[in-house]
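You will see two complexes here that share chain A, one where it goes with chain B and one where it goes with chain C.
Entry: the complex of A and B
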């Protein structure tokens, strides 16, 4: 169960281990696949789109604009950033999520079913929100924006640490939410398919394979929802930094 | 030996309570949703994104319990 993934290129940067192993390679391939799909759609752009690609992409872009950027209060300049995050989670979570069954053994699996991958995405959103807060309000405004408006006196001393902690906790909860949802589905799948190893009954085999198929479909659904929720909460973090509550 | 018994017991109780809280929360939310959509069916498309966001928030807290339970069970 704990066989190490095959390392293709061992790299270190200080104490950080950034070697290229199977998981990293698979996710690079997923990202290149995403870029290739979008490039192909871009090449055949038309004002009256016919066929599958451009219609789907337009639906996704409109969805991102209406349901992710508008509620967060961001204008369309943020569309590339939010769309990148959304499509990356979809494109790695959906196909590679099925491979995540075998994940711990051979290093297969998506970036989003690994705490490191989701932590990287959450840290990126957090750094962007910090940078936006600095650029928008300046240094003193940065501290001021952490205190809710209309609060005076010693209550500020009470509220400021609470606000700081809650802001610092947001990327944690983003990362853990995505990771636990993705890998929880894999655990459930492994548990249900593990029943076939315990019993030698045909009925148990059929039931567990049937249950596994249902759970794979449910996992695909959960991946789409979690991609939306991750991007929505990350965008609302950035919007809150930009507009100050 | 006692540590292992305690860890497994803690893992099971933790996950059970987390699942209980999550299921109660989602059940209450969906029941209010059905009531409000039955009262005003055209509100469904405006409320649907909020439903998914609510489910994600509630599930997150239940999944904190899962994470702790896994940490305990593999200790």
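Entry: the complex of A and C
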């Protein structure tokens, strides 16, 4: 799908290769930028909101509460987790659009355009949902929750593996959905800008760059949507584990 | 095509963990406290406003009742005052009538006395004037024409006084 990113710092932890490459660096930059923004907003937090930052953060918190937590059936204790996931995906996805202005190959280096990054987040959500399911229902309840309610007899033997596979496919579909949606726009961007190399024509150049600019802004919108979709589906997975529905 | 990149998985989880810790431990508690305080204040203000609204409603009803009573009281007082005023006016009219009749009687008495005095003085004066005229006529050696003229003049004066 993409070339190996340039390694800035080669690190190893036992047999694990934890080198810092372009993708990791972009990831760190996005996370640091997010943390810096949050601390800047925190410094100006007041009982009566004064600045744009606090209003924006409160709006995001309200949005997370109303549009993610409540529909997913989670309580307020899960708000920091869901807020973190939403903001993290949003900020790590933003380089897709922002760095896309420098060139499509730059944007593709961000974490959410890499299947490993999206898979890590999806598996994390899946493991959390498994943990919640174990804690809520116990081992026997956990096994029972994998069988649809009202099913008895030999049908259980048929449905149990299907349910297990469907549970296992959830993080897979989460990871693929985020990865495909985030990187799809950039592939389109590369294709459109590739026309400029094929056709040395002013009209093609204008159409390509005009279309590229539109797609870059559209990608910012897609990034917000996908951050919401991923967080909502992850939260639904946890909510399902918590409520047993 | 798809390659397992442990470093990306590891650092993604690390950076997400850091973000999650920052939000959970440093940002959200402060924000949640502010939001909770604001919510409590809004709830308290709303309750206070509802309480004040109820008090205002009670006060308004009380005021309307009192205003109604005041209007009734005012109407009663005005009616009583009008009745009393009419009664007092009638009594005063009677008093004035009495006073007027008394005054008129006194004045008529005074007038009658003055008239009597006048006539008494008038007769005395006319008598004195006639006496003086006769004395003058008799005392002086006047011609009969002149005597006649003086008597005519005195009689004319007498007539004038009498007319007066």
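Keep this in mind: the second predicted complex is superposed on the first by the 224 of 245 C-alpha atoms of A that agree within 3 Å, B and C clash if a C-alpha of one lies under 4 Å from a C-alpha of the other, contacts with A are read in each partner's own complex, and residues count from 1 in each chain.
We take it that a residue touches a chain if its C-beta (ideal position, glycine included) is under 8 Å from a C-beta of that chain, and two chains touch if they have at least 3 such contacts.
Note that the coordinates shown come from a computational prediction; the quantities given were computed from them, not determined experimentally.
Chain B and chain C, once both complexes are superposed via chain A, fit side by side.
Once the two complexes are overlaid on the shared chain, A:220 sits clear of chain B and of chain C alike. When the shared chain is aligned, no partner comes close enough to touch A:128: not chain B, not chain C.
Chain A is touched at more residues by one of its partners, and among chain B and chain C that partner is C. With chain A as the corner point and C-alpha centres for all three chains, the angle toward chain B and chain C works out to 100 degrees, nearest 10.
Applying the stated contact rule after C-alpha superposition, one finds that A:159 touches neither chain B nor chain C. Looking at the shared chain after the overlay, A:35 reaches chain C, while chain B stays out of its contact range. When the shared chain is aligned, chain C comes close enough to touch A:27, but chain B does not. Look at A:207: by the touch rule set out above, it reaches neither chain B nor chain C.
When the two structures are aligned on the shared chain, A:193 is found in touch with neither chain B nor chain C. Once both complexes are placed on a shared chain A, the shortest Cα to Cα gap between chain B and chain C comes to 7 Å.
Overlap of the chain B and chain C interfaces on chain A comprises no residues. The touching residues of chain A, counted against chain C in their complex, run 1, 4, 11, 13, 16-21, 23-24, 27-28, 30-31, 34-35, 38-39, 41-42, 45-47, 57-58, 61, 79-81, 83-85, 87-88, 111, 114-117, 119-121, 124.
By the touch criterion stated above, chain A contacts chain B in their complex at residues 67, 71, 173, 176-177, 180-181, 184, 187, 225-226, 228-229, 232.
The touching residues of chain B, counted against chain A in their complex, run 49, 52-53, 55-56, 59-60, 63-64, 66-67, 70. Contact residues on chain C toward chain A in their complex (touch as defined above): 1-13, 15-16, 18-20, 22-24, 26-28, 30-32, 34-35, 37-38, 41.
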